[in-house]
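In the two complexes that follow, chain A is the common piece, with chain B as its partner first and chain C second.
What follows is the complex of A and B.
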């Protein structure tokens, strides 16, 4: 779910909007360094895939369901810079074409999901891969852990935005507890689904997974 | 989640707003929403004026209000969230039909509901009167980064294809009596998503090869001239200025 209009005040929205815009600009530069126009259709298709993947609802518990955010999924599949761009594109399209998420809050949403979830989550992924032994199953586990943590990081990032410019007089501690509580459950689902999707792709097209190289396989003998 | 198909957002049936240049509509919509969000919550009349402006524009553009109302359903999860605010807010409480509600929480809930509804109405109106390719042109004419707009173009162009693919895989699952109940049943959905990714990627490769063989050099040429009649800019500036004036007056009269 995205932040609607009227939840965070204008100066805070503008500040985070500027940070998000700078981040998107920087990601564009980084992607441009090593990618050519060949990757533009691929990035577009990846964005369409993330949008479609967000439509897949999975059962969480007792009749409730959650859906993917896809930040870490995209980062493990296509690298963190591309994933930031893809999430930003998805959020702009959802806000402007589908009225999902406030237009004044696009910067806030891109900051939480395109920057914090992707970069924080990818950092956790790299860290987990360093700690865990080599091999495909460990890449899957690292992606799952990273995806779960990324959801909680995004929830904390929202709490920070609310603490700075929230338009409601609710104790920040209450907001943090509620956000982290709910998002621990969602994060568990996100982690499990991300791990299973990465595992499915690794078994058929491991060459398409950015976060995995065959050199990671443990050497035998 | 935001369901559905992107071509269904545009309302066929031609009104005068369809002819206004897309970059004007895009800029005016963004400025209008910013003005709405900047309006003080105590100024009830100001939200009335904002809403009246949107209704007047919708009538002028011949977009039925029922169409906007139906599309506003997307907002319901946000509204449910707003309903919690009076229960968790701090400070002075009032009794409303036996419930103790926080006054500041009630104000916050009103603030979100009013602004989110007006913001969503504005973007629904934009999407209803602007064809998707025109909206994309609007982004590039407003100097959004070229690669960003290009990625967005490919996304919206293939969104219906990818969603259609997902739909066919769902039908295939259902016709094999798949009914997910527990989290363990999600494995089939995950491999569905995995297959969807591989197919999307391979489609991306084919699309690029097809484009190269038709002479693609990195940019999509514009067929029509990008010149905008000054009357269009005047309309857009008028709407944005009026909304900004209402917001400013709201602060003065507070």
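What follows is the complex of A and C.
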């Protein structure tokens, strides 16, 4: 869902760019507060993994593909602020080096994928954790559901940007319906991949899953 | 870094390199969700070439590499390394911010 240059006008892009910059700055401060130096290389790996996973476009319908965003995946593993930094770094590298997402649109893309998908998705994860029973399998299910929803939230966020500053004269309702339709399919893939990765890490290194708090779990023995 | 973290780091890097360097070469090249909507609703032509569209790595290829699959895999590996370095650099920046705050609080 990387917006190229030209879809959204410059004032709107600049406005969202300012909000994204403020959010990244805030995230940097929050991460700095509790950053464990020994985990810095692992956070680097997480960013590299999200970059790599975003290269893997999977087919979702005739003539359409989608790829992981990784916002909820990163948030459940490392917390929402670290996840926002991960997505921001990935998007900046993609925009500068690979012309994937326009440079003038970086603020729009960081807003949709690094703020809305991460924070909105993590909110859904926390909500699902409260509704579902305790236990590791439920953490996996909550992460999967939240990841799926996060893609639709990001699609709606794009629609909002299009409504404010879309260069093309297309009805917003039409764009909203089309965006939610196709991204529901991509969201299913996002949910599945997120659940698989969280499940693998939860079984080997539960201490590295930020969204899993053993204190919430029933103790045995 | 303790042994368990080092083992995870190595395993994670192997998986990431395989994704970026190998699996990426067989990924779908169909339009993604947003591109599909833009095509269907007729606003894909409002996209303009960005400032970096003539980057030697534009569109996950490597300038001068003829074979598309080799180019994509190579671009993926380069991107993985750059992303990891940028993230680690940013976090050292976050650490420096914290230290500056602590220093000014002590003063």
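Note that in this section the second predicted complex is superposed on the first by the 201 of 221 C-alpha atoms of A that agree within 3 Å, B and C clash if a C-alpha of one lies under 4 Å from a C-alpha of the other, contacts with A are read in each partner's own complex, and residues count from 1 in each chain.
Just so we're on the same page, contacts are C-beta pairs under 8 Å (C-beta built on N, C-alpha and C of every residue); 3 or more make two chains touch, one makes a residue touch a chain.
Since this is a predicted model, take the numbers as computed values, not measurements.
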Clash or fit, chain B versus chain C on superposed chain A: clash
Which of chain B and chain C A:155 touches, first, second, both or neither: second
Touched partner set for A:31, first chain B, second chain C, both or neither: both
Partner chain in contact with A:51 - chain B first, chain C second, else both or neither: both
Partner chain(s) touched by A:182 [first = chain B, second = chain C, both, neither]: second
Which superposed partner A:77 touches (first chain B, second chain C, both, neither): first
First (chain B), second (chain C), both or neither touched by A:13: first
Partner chain in contact with A:85 - chain B first, chain C second, else both or neither: both
Colliding stretch - chain B into chain C, listed as 55-63, 109-117, 181-189 or 235-243: 109-117
Touching both chain C and chain B, counted on chain A across the two superposed complexes: 1, 4-7, 28, 31-32, 37-38, 40-49, 51-53, 55-60, 67, 85-86, 89-90, 92-100, 102-104, 167-168, 170, 174, 178, 204-205, 208
Touching residues (chain side chain C, partner chain A) in the complex: 1-2, 4-5, 8-9, 12-13, 15-17, 19-20, 23-24, 27-34, 36-38, 40-43, 46-53, 55, 57-60, 72, 75-76, 78-88, 90-95, 97-98
Chain B residues touching chain A - in the complex, by the definition given at the top: 1-4, 6, 9, 26, 29-30, 33-34, 36-38, 41, 71-72, 74-75, 77-78, 81, 85, 88-91, 102, 104-105, 108-109, 111-116, 118-120, 122-124, 126-127, 132, 135, 145, 147-148, 150-159, 161-163, 165-166, 180-183, 185-187, 189-198, 200-201, 203-205, 207-208, 211, 216, 218
Interface residues, chain A side, partner chain B - complex: 1, 4-7, 9-10, 13, 24-25, 28, 31-32, 37-38, 40-49, 51-61, 67-68, 77, 85-86, 88-90, 92-100, 102-104, 167-171, 174, 178, 189, 192-193, 196-201, 204-205, 208
Chain A to chain C touching residues, read off their complex: 1-7, 28-29, 31-33, 35, 37-53, 55-60, 63-67, 85-86, 89-90, 92-100, 102-104, 155, 158, 166-168, 170, 174-175, 178-179, 182-183, 185-186, 204-205, 208
